[in-house]
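The following pair of complexes shares a single chain, subunit A, combined with subunit B in the former and subunit C in the latter.
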Partner chain A sequence: MTEDHDRAEDGGSGDSYDGARNRPPRSDGGTAEEPAAGGSRADGGTTSASGTVAERLPGAPLEEARDALADTDRRLLDAVVYGLYAVAMLFFAFPVLWIVSASVRPQGELLTFPFRFIPQEVSLTAYQRVFREGMVTWLFNSTVITLVGVGSIIAVSVPAAYAFSRFRFRGRRQLLGLVLLFQMISSIIIIVPLYSVMTTLGLIETRVGLILLYVGIQTPFSIWLLKGYFDTIPEELDYAARIDGCNRLQTLRHVLLRPIAPGIAVVAIFNTVFLWSEFVLAYTVLGSERSLYTISIGVYEFQSQFGNDWRAIAAASVVGMLPLVTVFIALQRYFVKGLIKGSLKGE
Partner chain B sequence: MTARDPSNSDGSPHLELQDLRKEYSERVTAVDGLSLSLSRGELLVMVGPSGCGKSTTLRCIAGLEDPSSGHIRIAGDSVVDRPPEARNIAMVFQNYALYPHKTARQNIGFGLRMTTNLPGETVRERVEDAAETLGITDLLEKKPASLSGGQQQRVALGRAIVRDPDVFLLDEPLSNLDATLRSEMRTEIQTLQRELNVTTVYVTHDQTEAMTIGDRIAVLRDGRLQQLGTPMSCYHEPANRFVASFIGEPSMNLLECQFDRPNRSFEGAVNYPADDELATAAAAATSPEVTLGVRPEVPTLFGPEADATGPTFSGTVDVVEPVGERSFVYVTLESGPQLVVATTGGAPVREREPLRVAVPRDGVHLFDGVTGEALRHPARDERDRPVPSGAD
Partner chain C sequence: MATAGEDDSVESGIGRVTDLVGRLIDNPLPWLLPTLAALAVFQLYPLVEAVRLSLTNEVLTATGTEFVGLENYVDLFTSTGFWQMVSVTAVFAVSSIALHTLFGLILALAIDYGVRRGLRGHLTTRVSVLLAWIVPGVIIGLIWKVMLVESQLGAVNYLLGTVSIGPVPFRSDPTLALVSTIIAGTWRGTAFAMIMIYGGLQRIPQRLYEAARIDGAGRWARFRHVTLPQLKPVLFVTIVLVTIYALNTFDLIFALTNGGPGQATEVFALFMYRKAFTDYALGEGAAVAVVLLGINLLLTVVYLYAFDIGAEI
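== the complex of A and B ==
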């Protein structure tokens, strides 16, 4: 701006410059500062000077009004956006909070009229019952199955994804398509044949059987996700590792595993959530062997044909939720980062 | 730069490629019968447009790809069946390929740890020696992400030199750097290579880089070797039309003509009367189709009335590209083709002005119009002559 003024005051070849200055619509904030320049111009062509003045006099209040309006608009927009956030938050948080609320109510106070979200009286009897009925066993079973299951899924899908990303073998694309196809088959649909196969193999009512099933079902998705991560890592890194004396497995272990760690974290969290809360397969495989029940079957225990102990169901759900929430909070940094990265760069 | 004598001290080649072929499928042949030999300590630049097979060749030497046929020998031993780490080569990649989670120290030392049983203390010493050579001692504890492009490049070089390799393989090592850093690193690589006296194959698509850095350059196209020689011999005596147009910036003016034997003149893009030498050379072509090649510094520009030596053509200036002490003038001749002419920076040439271009006969290259092979080169000063070598 200052530079321009200097040029104008130098006079002489200012014609085209004046012409530009006279263009009527000026919406940028700089207009308000200009009268000084216009006024101080000694040689100034009359048309251009009067033009600028006429343009500016009513301009200032108008702009203020416009600014004020824009300010109000912005605030209104903010309010609407935050309002929508609040509604969404409430929508997702209500069931969880309701369950927490229900779990600490005394017996008989579950559904009151008028509706009360925060209970008048806090009672932990529901939690006592839940732990009496075997919550510790369920937690233990779920933990074992989830840890071993997720570990196995990662152990299978990392090398598989590495191979799909790096090796150029015959039928690679077809095999990848096949893996995707398996992902599309709902396990519920094949649950009856699965049951008979597992019975034949003697895997029914065993933790190993359930873990194998989980690995089989969850691996395809995990392979695809991890392959996306491997694809983002330049192949030169593999070459460099090979020149440095690594074989394929060492390349994977020493060089590639760390760069794809966010991907592994995503696979781990996703599968942990799934395995921890899975019900249908667990109930089918573990059947009537109560000592093997997982937390999700445990919750179901409090539901019977004679009546549902909603307080106990709520309490069991809260206890079952806690480990997951903890894990998620601990790893959410990777989770969000990993999800974004995978979705942007994955194949 | 002066060319070093490629015929090495003990006489035997240090790195030798013999009839190397790499086919990806029946239709795709990346490297087609390439034979090269490098003496110990020589720096050979492989240059060519993208897809010419230069990187594939490098990966074959490194052992990252198996050649379909042919031999690769390092210090006389065939290495085709050896894994990369057993070939005693080191490679620097275009994107450096540093391990992102390892510090510079770990990056440099990783190869030693994986391939040798050296005690930790020795590895440490060697890493620090390499770092000192490259001036990156204070960067050793940093991870690649916190290093600049030039520093990453140095770490990558450190990773290569720490293993004291027989052969250095550099795959476009400067392409990711900005112009200033590029020329700095170019000199540094040259100095390093000389100090260590390591046989080096350097791949680039940049002909200027090739000209300035190499003892010899190998020009590749479609997997085939077009010419192998010193930068100056490739520039002054290009083996064919491709090398002529690829080496040199701006590239050689190529004018398609037919040789009219009875009239002893070239007709076509320009009408150019031949002298005895040109006529004899043109007579050796497989057909009357020939290409005249003129380096930009050969023609001279004249005002409409001045006298000139050699055949002269009228034309109009399209563009003047001043690059400092020289300017490149793009002149469209009346007969159609555009010529690039190098003039002194202060030459009074303006765009859209008519002028005359004199093209002296003793500066004209002649190529076979069908095969593209060179038929005749202008005579050169003796001092520019390539060092005689069996490989040329």
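== the complex of A and C ==
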């Protein structure tokens, strides 16, 4: 919205008032050429400096006047934006913080009056209950399924993305279109036939079945994203490797893998979030086999069993989101970069 | 002598294998085989199976199914429950599209402005918004369930209580229940729209703003005549993707209200789930799935048309 020299003059300090004060040529331009504009200003900030006419850029008095006016405008906008930040932080972070606060209260403090945000004393009994009900098993299952699943998705989609980027074969366009179609169609649609499909394949109520299903569901997105990365690498690099005696597999391993590593990282992050959070496919495939429950299923079943123990539900929610939140905060910058890059390819 | 000969044959053996591998991997098929197998088994086959099921009267608890033609579809389109669900889904989807896109746009502009001006807090804001997005859907449903409980331990009712409003029955009143699911959905979904639009803002050439400034355009004029037209393609793609996302929402509502009270928050996916797994009517559930598939395909075509994907392939 604003031009580059704003940033330079403000020195990134974030203090726009100082920035405005240190701009004598401009404010002077405002008062000299357009006295009405300068005089009518309520705050004296921009009219305080005067007499540095020599520094003024010749031939741009009107623009300077506008800029001077814009200073007030800008400070007003800064205030509005700060207000927006506060509202957004409150709306988006408060529920998470509140659930944490609710989970560490001793029994009964949830109902005391007046209600406090920071609990008077901390008690971990809610967590004890959640762990007694099998939280360790759910965490273990989710970890195994997520790690093996994400690894498999990468192992399947990297070669496919390579093939779509580097080979020219008949039916390539059609096949790529089909992959995109599968990416766009929601996986929720297959839950009805899923039970019979997985039973026929002998994969019902198994972790392997669920992992294979995730590979089928998540490769289209991963292939599209990785193909984008492969396409940015000039094919001359491949040719050079071929001349040096590398076959295609060696080329991929020794030459191409390094430049597409950021793409693989994005695919890994996205799929980790998806696999860890996924509920309905896992719920259908794993069925009533308690020992295989993932975190989403476990937390859901837990709350339908102990519907009124809000402290325990809060505790279960905290444990369920903690691993992802930790990873996310650690990789936040990477994550946003990948999101922006990946955003134009669906999801 | 003998050993040298053996070495030769071993070497040529290895050479032949390498040649074979080399020739094999010069063909795209081995590279694509795992993907093709996974897609055929876990995407294509279930979809075909859904279409087949939708033409039968299969019930989860009984054996012996018959081909019934389009009967399931006729039943579906003539039932009031289906149209009730369609209107709930429409309200949910339209509100989601409006709120996600509007909040996403405002936040993207505010963060972009903050980054350029060096304002403090833009990073924390971005992290807070994204945080909501990575929380698992079921847990989002539970977080809002706890937030909206109808006593003072529900934070929202407690805060409303301090200004003597309420307690508001957020989950037991049909209209408010739908509003609650929309709020929870917006809490999660705004991040996606924000990131899409933020990415779009970064791609607007700065010289356009400089040219507009030289022409004397003020802040609002620059937004109206430079930012908005430049963002149009991104906004369109965002709206299509948010639509697809909203129409297929399941886990969040499943955990928050489970479609209730009554059918008040029963969207497409929950309706389908109830038919198939609560009423055990697999045939009918599959018919709902096929209708949802049709809608997904339609939106995909719109998306592809907007994105001009032909050029990319």
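Structural remarks
Rule of thumb we're sticking to: the second predicted complex is superposed on the first by the 248 of 347 C-alpha atoms of A that agree within 3 Å, B and C clash if a C-alpha of one lies under 4 Å from a C-alpha of the other, contacts with A are read in each partner's own complex, and residues count from 1 in each chain.
Following the convention adopted for this analysis, a contact is a pair of C-beta atoms (placed from the backbone, for glycine too) under 8 Å apart; a residue touches a chain by one contact, two chains touch by 3 or more.
In this text, all values refer to a predicted model and were calculated from it rather than measured experimentally.
When both complexes are overlaid on chain A, the residue A:313 reaches subunit C alone and has no touch with subunit B.
Of the two partner chains placed by the overlay, only subunit C lies in contact with A:296; subunit B stays clear of it. With both complexes superposed, C is the one of subunit B and subunit C in contact with more subunit A residues.
Applying the stated contact rule after C-alpha superposition, one finds that A:234 touches subunit B and leaves subunit C untouched. Once the two complexes are overlaid on the shared chain, A:104 sits clear of subunit B and of subunit C alike.
Of the two partner chains placed around the shared chain by superposition, subunit C is the only one that A:181 touches, whereas subunit B remains out of contact.
After overlaying the two complexes on the shared chain, residue contacts for A:254 are found with subunit B alone; subunit C is out of touch. Touch criterion met: A:244 reaches subunit B, while subunit C stays clear of it.
Counting contacts as defined above, no subunit A residue meets subunit B in one complex and subunit C in the other. Across the interface of their complex, subunit A is touched by residues 18, 21-22, 25-26, 28, 31-32, 34-35, 38-39, 41-43, 45-47, 49-50, 53, 60, 106-107, 109-110, 112-114, 116-122, 124-132, 134-139, 142-147, 149, 151-153, 155, 158, 187, 190, 195-196, 198-199, 202, 206, 209-210, 213, 216, 219, 222-223, 227, 237, 241, 244, 247-248, 250-251, 254-255, 269, 272-273, 276, 282, 285-286, 288-289, 292-293, 296-297, 299-300, 303-304, 307, 309, 313 of subunit C. Contact residues on subunit A toward subunit C in their complex (touch as defined above): 1-4, 6-7, 10-14, 16, 63, 66, 70, 73-74, 77-78, 81-82, 84-86, 88-89, 91-96, 98-99, 102, 110-111, 113, 115, 155-157, 159-160, 162-164, 167, 169, 172-173, 175-182, 184-186, 188-197, 201, 212-213, 215-217, 219-220, 223, 247-249, 273, 276-277, 279-280, 295-296, 299-300, 303, 310, 313-314, 316-317, 320-321, 324-325, 328-329, 332, 335-336, 339-340, 343-344, 346-347. Within the complex, the subunit A residues that touch subunit B are 234, 236-237, 239-246, 250, 254-255, 258-259. On the subunit B side of its complex with subunit A, the touching residues are 59, 62-64, 83-85, 89-91, 93-95, 97-101, 110-111, 114-115, 159.
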